[in-house]
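The chains carry the letters A, B, C and D, assigned in the order they are written, with residues numbered from 1 in each.
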Amino acid sequence: MEKKVLDKGYIKLLKGEKEDNILKVASICYGRKIETFDEDKKKFLLKKLMFEHAGNPTSSFEFVNFLFEVKCPIFVARQWFRHRIGSYQEISRRYVKDNLEFFIPEDLNEKLKEEYIKLCENCKSFYEKLVKSGVRKEVARGILPVSLYTVFYWQVNLRSLINFLKVRLDKHAQKEIREYAKTILELVEPYCPIVISLLKEKLEIE
Amino acid sequence: MEKKVLDKGYIKLLKGEKEDNILKVASICYGRKIETFDEDKKKFLLKKLMFEHAGNPTSSFEFVNFLFEVKCPIFVARQWFRHRIGSYQEISRRYVKDNLEFFIPEDLNEKLKEEYIKLCENCKSFYEKLVKSGVRKEVARGILPVSLYTVFYWQVNLRSLINFLKVRLDKHAQKEIREYAKTILELVEPYCPIVISLLKEKLEIE
Amino acid sequence: MEKKVLDKGYIKLLKGEKEDNILKVASICYGRKIETFDEDKKKFLLKKLMFEHAGNPTSSFEFVNFLFEVKCPIFVARQWFRHRIGSYQEISRRYVKDNLEFFIPEDLNEKLKEEYIKLCENCKSFYEKLVKSGVRKEVARGILPVSLYTVFYWQVNLRSLINFLKVRLDKHAQKEIREYAKTILELVEPYCPIVISLLKEKLEIE
Amino acid sequence: MEKKVLDKGYIKLLKGEKEDNILKVASICYGRKIETFDEDKKKFLLKKLMFEHAGNPTSSFEFVNFLFEVKCPIFVARQWFRHRIGSYQEISRRYVKDNLEFFIPEDLNEKLKEEYIKLCENCKSFYEKLVKSGVRKEVARGILPVSLYTVFYWQVNLRSLINFLKVRLDKHAQKEIREYAKTILELVEPYCPIVISLLKEKLEIE
């Protein structure tokens, strides 16, 4: 499952687990192992577990895991990696010199956009010249703008993911990472329809 | 997959992932996506990734996940829960009053063992009396010995799991938790044969 | 600074930092370094930083640290150690055999209380007998009830501490750990008067 | 205490704690509280605690804390922030548009260096033009190269710091972050002379 984001980015959902895990795992607290739940009971319990901890999800939400592949500009990745509960593996510009693509902001006027693209191209050309003349790739990359696209794997559990969504869907979040957060929400929804609908309600998202 | 540990405990492996994940995920660093590896290359790379970080596994090991159900004495669980990178969900004696079983040390002589069992039974009876007379379960349990068996789910990634094994297989670890660590090792081995064989070599385990 | 909790427990505040750190650290975001703030501005900014992250404190709250020494029953410590963001160092019953004290619930009637105390004493005597007859201390302790007092150091930052307070001051928390949470609140208050008053307001505590 | 790093960077040690904390805290395990140690005993114990956990420091090392202010290129910061156990607070280019400085690699020949500097200046000028023409600062910055200097606070405990040093002093680490790691080592040494000397011995650093 892949969704496009921004001008050249994407998010692929590589692995996902269902919200039923939350209930299966939580039921051990009560000394029972429950495998199936009727729909109403499920909603009732998930709501309770989602807001019980001072408005935040309980630890049972950690047992639902997701793996994403993300392509985004470096300045977005830098905000993303501030979320420390989760695992990251990123393409390394110490080893890879190809596939240099840049995010071009859509809200520039034509003239500025042209200039923006041209300057990115200049940086790219100079980078290639540096590498060719024997400069270490990890030093040469210093000249590449932070709008450069990077690619990484992100493994995260639902508890940490909900926190990510709350922070990055917020109207104070930068527009570009908000686009990614919205896409994460859409990709997770089929796996966790009740949890995501509770979250939308809380965040007043349509 | 379930294995018995101590006199009444067990570990069940509920979910496991294969060590191939490590290589798939690590390959993104180098801008390649590799799906298959020949055996020798695999061994070579896993060894490198396992000891590269100052003798410890790199972050790519976080992308191999396990879920266990563990039944062990409370004093073992207390040592286990000190490992903070991982998720836990435990049976709660605030809600559950049944299935009270105690670990009886095998290395006591007959007389002491008998006395041990008898005292556990006294505690259990008094606990039941307290509950019956209306004392809150979570207060009544105060009288139950730490040899009481508890049950919990443990979700952990391979990086944190290797650290757990290094610490708890060590000859300084308490014998009882060492039994559990050995069992974890056996359960993980079929999923990660190369990694586990490297670990055994390092720890000088046969 | 030491405060008594329950019948034989206590919390000592060994080190604390002031809430001004939050503002000093946060000001780097804005490219300014501010050393002093007038009181109104301070309140305004702390309130913003405390609830900005989807109702939770931002990362600047991690720069205010506390160190406590806690004496509490094992069953309380077990709930406490579930809070993974923080550091713990605990007395070890593998090495220490003295100072065995038990929490005696105050809400038992006289007869039950007497019986409770007697049973604790029996367990303690049998433990000492086991140790004397050469059983490893860490095995002998299996017979000691979870009402046994333990002692540990807890180092925690204000962000994680606020989460602890929200969860453990909640009316659903067990009464005994709530007593400890209240005491933590009182000990932290002189260091972080504005933050604690905002928290009390939010949690509707007088 | 401030030390220069690279062409325009620095590290300031803002707060530090002494290695004696490790022993004070560890002594609680053994039911003793020790305030002073003779030098030989101290060395013996610190060595034990430093390598006891499968060659890694035990949790008592978490009770020694440091606060640094770091100025480094973005590409160095990106490697730094991968270390998730610790707290970060960084200058934000969503709010700050001044003080744009770039790391200029010293190992370029004169002609390439000149071109490098010129291109950085072009990016900077265009950035300023974008901001002036009303483009959001956080979008305009997309054109700034990753050699741009950033500033952040880093709070870290000694256990995590040792791991950082092992990984970033390694000969496989990028030269630029190695310069920062060496400086961290020098700044920490007066606070933790024994620990740092043990680390140097292990890493075979003079």
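Assume a residue touches a chain if its C-beta (ideal position, glycine included) is under 8 Å from a C-beta of that chain, and two chains touch if they have at least 3 such contacts.
On a predicted model such as this, the values are computed, not experimentally measured, just so you know.
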Chain separated most widely from chain A, comparing mean CA positions: C
Copies chain C and chain B - interface residue numbers shared by over half, same or different: same
Computed distance of Cα centres, chain B from chain A, in Å: 31
Approximate Å spacing (C-alpha centroids) for the pair chain B, chain C: 26
Centre-to-centre distance between chain D and chain B (centres being mean Cα positions), rounded to whole Å: 34
Where chain C touches two or more other chains at once, by residue number: 59, 82, 88
Complex contacts: residues of chain A adjacent to chain C: 52-56, 59, 82, 163, 166-167, 170, 172
Chain C partner contacts - residues on chain D that touch it in the complex: 25-26, 28-31, 59-60, 62-63, 65, 67, 87-92, 95-96, 98-99, 151-153, 155, 157
Contacting residues of chain D [partner chain A, same complex]: 73-75, 78, 81-82, 84-85, 88, 93-94, 102-103, 105, 107-108, 112, 115-116, 119-120, 122-123, 126, 129-130, 133, 135-136, 138-139, 141-148, 174-176
